[in-house]
Amino acid sequence: MDVIVVLEWAFDAVLGLGLLWLAWRTLNSPDLFKAIVLFISFGLLMALAWVRLNAPDIALAEAAIGAGLTGALLLAALARLRTTTDNTMPAQLPAGSWFQRGLLIVLLSGSAAGLGYAVWILPSHTSGLSMAVTANLDVSGARNPVTAVLLNFRGYDTMLEMIVLLLAVLGIWSLGGLPPRPERPAVAVLDTFSRFLIPVFILAAAYLLWVGADAPGGAFQAGSVLGAAGVLLLLSGWRPGVRLMQWPLRLALTIGAITFIILGVLTLLYEQQLLAYPVAQAGRMIILLESLATVSIAVTLAILFLGESPDPEEKK
Amino acid sequence: MSHAFAYALVGAGLFLLGLYALVAYAHLLRKILALNIMGSGVFLVLVALAKRTGDAEPDPVPHAMVITGIVVAVSATALALALMLKVSGKTGQAVLPGRHQD
Amino acid sequence: MNGSVWLPLMVVASALLPGLIIFCLPEEKVRTRTVLNLAGAFSKIILTGWMLWGVYHGDRYEMRVAFLPELDLVLRADSLSLLFIALSSLLWLLTTIYAIGYLEGSPHRSRFFGFFSLCVTSTSGVALSGNLITFLVFYELLTLVTYPLVVHRGTEAARRAGQIYLVYTISGGTLLLLGTVWLYSITGTLEFRPQGILYSLDGAHYPALAAIFALLIAGLGVKAALVPLHGWLPEAMIAPAPVSALLHAVAVVKAGAYGIVRVVYDVFGIDFAATLGVTGPLAVLAAVTILYGSLRALAQDNLKRRLAYSTVSQVSYITLGVAIAGPVATIGGVVHLVHQGLMKITLFFCAGNLAETLGIHKVHEMNGAGRRMPWTMAAFTIGAFGMIGVPPVAGFVSKWYLGLGALEAEAHWVIFVLVGSSLLNAAYFLPVLHRVWFRDPPDNWPIERDFGDKETAWALLLPPVITALLALLAGLAASAWFSPLEWVKLIAQREFYHL
Amino acid sequence: MTLTDYATACLLILGGIFFLAGTVGLLRFPDVYTRLHALTKADNVGLGFIMAGLVLQAESWLAAGKLLLIWLLVLFASASVSYLIARRALNKGIRIWM
Amino acid sequence: MEAILANADWGVIVILLPLTGGIVCFLWPAVSKTAGLITVAAVVLAVAGLGRQIMEHGAYRHTVGGWGAPLGIDLFADGLSLFMLIMTALVGLGISCYAKSYFNPRDAVWFWPVWLFLLAALNALFLAADIFNLYVTLELTGLAAVTLTALTGRIDALSSAMRYLLAMLAGSLAYLLGVALLYHDSGSVDIATLAQRIEPNATVWAALGLMSAGLALKTALFPLSFWLPPAHASAPAPVSALLSALVVKASFYILLRLWLELFADFAEGVSTLLGLLGAAAILWGSLQALRQTRIKLLVAYSTVAQIGYLFLVYPLASASSGLAAGIAAYLAFSHALAKSAMFLAAGNLMRFGGHDRIADLDRAVQRLPLTVSAFALAGVSIMGLPPSGGFTGKWLLLDAAMSQGRWDLAAVMIIGGLLAAGYIFKVLGYAFMQAKEPHDARAVPAGMEWAALLLAVGSILLGLMASEIFALIHPDLVANAGGAVERVWTA
């Protein structure tokens, strides 16, 4: 047993220090491309940390969104950035004088000590709200506690979350969309690769969605896997048709939020409480919400990656 | 289960590291990276300390919060990257013109 | 009872409503605007007369509206406020007539008359304020609505003058605010009451109260043009003549002086103020202002500037009378509120006539003006004699009571101030009168506008003649029951003998 | 520990060695093509050994099947991606180390 | 009908309405202007309904999902929240009427949905009783605000939106870290529950510091105000109005709420610091405003200064926190009305002359009298001259400062008022003058002039309604955690 404990500690120590080291290298490496690659590795290590912390739901979300999609977004942005900026300026240009940076370091070191102490004195054993969650899990309509919190106990947060996603799209579109990414010649292998992988992605998303009620997984994870499928499609050169970019796209982007609102109004009318599902229907409602939210999340993520405005005239 | 605390401390460290880079580096892409790392640090604190339940399953509420937070982070990152590209498209540089910190 | 609540409000509204309607009128609706102006002015006179009658017979007019938590806006008509209201209603009517003539054909008259009416509104509010917060509200309002009048011409010089005006008045208002809040934090009330609101306070507060007195007087002293806070007044001369008339005789300067009277009588109480030892310094300040203003007036060649410095000097008679702290001196000071108004407005109307008709702005250009404009210059002469204190013009009555009051209060040095100032007044007015009547006119005037066989337009001539006659009448019939003097005696009785 | 456990341990250690070798190669090899070679060794063979080790411990056929699927997926993905990387490197004109 | 109106759950409706409206605008861009205006008007009515319920039955609480805090999320509104909701609805309506004529069709398509989402976020924020839910609403507010800032696509707007976004995200993350610490210290994110459990220890102090710093950054408290002037100056006029009037108030409200319910008892040192920074903000912001040569930057720096006034309530709150909250809310409302009117007026002047250089206003008084009146009336409130909301607020603040012998704060307020008069009249003085080279002017739609004027008149009238308003924010209606649960009322 002791060996295991020591190994666990060693693993945690390596992981923790690795995280800090990777973060530092990400922020400090002179080459931006390297920085992004390091950031993606950082994300994968974070996923590992989530697993160590018994948070498989987050590990899935982190791997798919935190490392995967954010990484793709960053790389795509870098590629576009290189077409617009002059490369003469060093990417590492520090802001502010050395004195200011020194002052900052002193300040932050002080904060670090304070923050560390603040964390350290917390009681070493507490259950938070887990008792309350467990007690109400049976009537929540989901057996995975995280899903129960996300879609039921704190479903209102998730409803607003759908609007956050929508706002990101609105923000990018209102800027007139992004310049198209530099064209690359089509690659046969990539094409085949996508053709094979996309059904797998869809299958995986469906599985994550379905299993989410009982085990790690759910709308956000499924949505991000589906979104990744979309990204892959876009990478291999596929573009949605103009007609698809209008109404169907807008509907897909909002369907999650719309479902939340409709369910909200219905529950308000029949249960007098916003998003209070009747116990008998709770499971079904959660599945409905999750499936439609998955569609919105997936489409939103793919659109964020595409970054182009739906209106052809908008491309300045 | 005090390795929960160790992870929480790492999280605090990541937050401050990101904050330092956010202020100290001018390049916008680096600032965006810094924000993401700050976010990861905060998430780590939230989730690590949720594991102080002894042998029982960790507290699921912070887990749900972090999933929410990750989605916010990716949305904000996408918007920030788009803005950065627009700024650099107009100025040819991915830094903020004229620091208004005076 | 029902009428008594609304009357003070109606007095304020009688100027406010025409003003607001005039803002909305298009520029070319001259007739409508004139009718509105005159209707407002006449209705105000009628309402004032009604209230005078009532107050004389012991009625109370008071209106209260909730304003701040535990602080009301109060409009109340007592004998002092009616004195000021009566003056302002009368002079508003005359100034309006004058302004209609003066601004004929010039641009932006809607704006001008709108703000003009608002200016009178604020003055009425100042006059009718029943507590310090209400006073403060209307006092600041007065600052705001006179600014557009000062910068009315829209030139760079006007903008500068406006800026100077604001620097002084807004700083003054701020000091007043500070004093008011401080007072409120000590007393918890700001009502104007005979004998003041402070006599029951603990002695520990006395230093603070003295400081508050200084703040309030400094705040009010800016508008009352007490030295060294008078700097804005000569600069504001850039404004059109009716505005100067209004600023000097009715609204701004008077609001300051009136405020000093209120603060000394109804906030501190004259007895308490004397106990506190703040009246002496105030009297000295007033005396200094009187002499300084006169000295500066001597050196001015610009006629309106000379009159402005004269105002600095004359308004402080009011403060002096109040600060001497005796019933007789009070009569002299408070009655000067009316007398100075009548005389100074006459002088400004005449200065405006000279500028408008002959293009005269400087004293040295006035040679022989009496022959060209005999009526105007006759009115000017009456006003100037009044300022010097020549009997039987109203100014003499004021100085007489001030002198008596000083003797009664055994403040003998005041006599020297009065004599000195009268000599100085003579020294800066008599040479002007000599030029006007005994020197030959130049071959041609700077500008000459033709009014047929009249010396100038009716609307320009009538107001100064009327005000000159009124100034004469106030002196001649000083003991008649309708005279300002009698009314002021009533006020003094109520303050000093607690009637 | 049973015989399967020993077998698992051996397979895992073997897989670990491949990963280690692959990582060393990734860090030490001179150019992108050779590094890719090292990486694919780790992914394909190393992961294969580890999967094999884990399959021995699987509680059901279903779980074993899933593990196998994961391996196949990774094989496929790493093959495609290595190809894409190498191709891009060639297009960019990165010379092969000789 | 009467019964339905009386029993409808208006608190939820004021959140759902603009959400729905925003989605409608997104799905059918062609009708976005109409849908937007109808939605905002409906929100005003719904807030009125909520107000009536709160006046009759006391504080409002809605347990979302029926779980109840701390497991679920509660919505909660007392007099203070209601007051902020009223502010948002009324000012929002005024700005919407303005925006109707302001935007070209290309921008309108984006403005309306984002503005409605912003409105939903603000309403949700003022109704939130849960610090994590507040984080989500804060993020929504921030993203919407940044999007609106960048709407013109001009370079200054883009770079200030970028800076704004970075500041917003950093602030949110600091706040979220504070939330994390509080949750792990006390096991709840519900404010009322936290209030019962919270005890001053290092963790709570760290949370307090992080949350205050994050929120101060979002509220642009000096010296964290670097992002505000460029953002507010470069955004389109109605957006500047929204940002200055409402968005900065949102994070301020959270700070105030946390302070009232959680931190006031033990964190006096921090409140002194906040007051000090507020005082510095007044002086620095006013001086900067005085230096500006462009109207919009001047007005933006004025916002920095006016935010300072809001923070002066913290050091004065020790005597009576209920009253201090009332004063802060009142100041926030009067600033919202006045500052929105000013930005809208500035927008009119820009539309009219094609620029916002103060020295070239060129007889705007005659040519654009309603707009200049709006600017002047709003200016009266900003300067704190009577009668206006600004005056009443400043009076109350001065009274509190003097009663507690805080001469330093009183002096700062007085100086701030004088400087404000300086920069307001700087604009007005030039508005009377003729420019050296008169330039042609473009027509300004009447609706835009009237919207600005009505908001400005509102800022004046507010000064005459102080007693009614303080009855609304009366301490009985302001919840303090212990008693909050007893006054729970649901439809």
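Letters are used for the chains, namely A, B, C, D and E, taken in the order the chains are written, and counting of residues starts over at 1 for each.
The rule is simple: a contact is a pair of C-beta atoms (placed from the backbone, for glycine too) under 8 Å apart; a residue touches a chain by one contact, two chains touch by 3 or more.
These numbers come from a predicted model, not from an experiment.
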Neighbouring chains shared between subunit C and subunit D, ordered by label: none
Subunit B and subunit A - chains in contact with each: E
Chain closest to the middle, measuring from C-alpha centroids that were averaged per chain: E
Top chain pair, ranked by how many C-beta pairs fall in contact: A-B
Identity of the chain that, by mean CA position, is farthest from subunit D: C
Whole-Å gap between the CA centroids of subunit B and subunit D: 31
Whole-Å gap between the CA centroids of subunit B and subunit E: 27
Whole-Å gap between the CA centroids of subunit D and subunit E: 57
Junction residues of subunit A - those touching two or more other chains: 115, 119, 122, 126-129, 133, 153-154, 157, 161, 164, 167-168, 171, 175-176
Where subunit B touches two or more other chains, by residue: 12, 15, 19, 45, 49-50, 52, 61-62, 65, 68, 72, 75-76, 79, 83-84, 86
Residues of subunit E touching at least two other chains: 132, 136, 139, 143, 146-147, 150, 153, 158, 181, 183-184
Touching pairs among all chains present in the structure: A-B, A-D, A-E, B-E, C-E
Subunit A-facing residues of subunit B, complex: 1-10, 12-21, 23-27, 29-30, 32-34, 36-37, 40, 43-45, 47-54, 56-68, 70-79, 81-86, 88-89, 92-95, 99
Of all residues in subunit A, those that touch subunit B in their complex: 8-9, 12-13, 16, 19-20, 23-24, 26-28, 32, 35-36, 39, 42-43, 46, 49-50, 52-55, 57-58, 61-62, 65-66, 69-70, 73-74, 77-78, 80-81, 84-86, 89, 91-96, 101, 104-105, 108, 111-112, 115-116, 119-120, 122-130, 133, 145-146, 148-150, 153-154, 157-158, 161, 164-165, 167-168, 171-172, 175-176, 178-179, 220, 297, 301, 304-305, 307
Contact set on subunit B toward subunit E in their complex: 12, 15, 19, 22, 28, 31, 35, 38-39, 41-42, 45-46, 49-50, 52, 61-62, 65, 68-69, 72, 75-76, 79-80, 83-84, 86-87, 90-91, 96-97, 100-101
Subunit E to subunit B touching residues, read off their complex: 132, 136, 139, 143, 146-147, 150, 153, 155, 158-159, 161-163, 165-166, 169-170, 173, 176-177, 180-181, 183-184, 226-227, 229-230
Residue numbers on subunit A that touch subunit E, as the complex places them: 114-115, 117-119, 121-122, 126-129, 132-133, 136, 152-157, 160-161, 163-164, 166-168, 170-171, 173-176, 247, 250-251, 253-254, 257-258, 261, 264-265, 268, 271-277
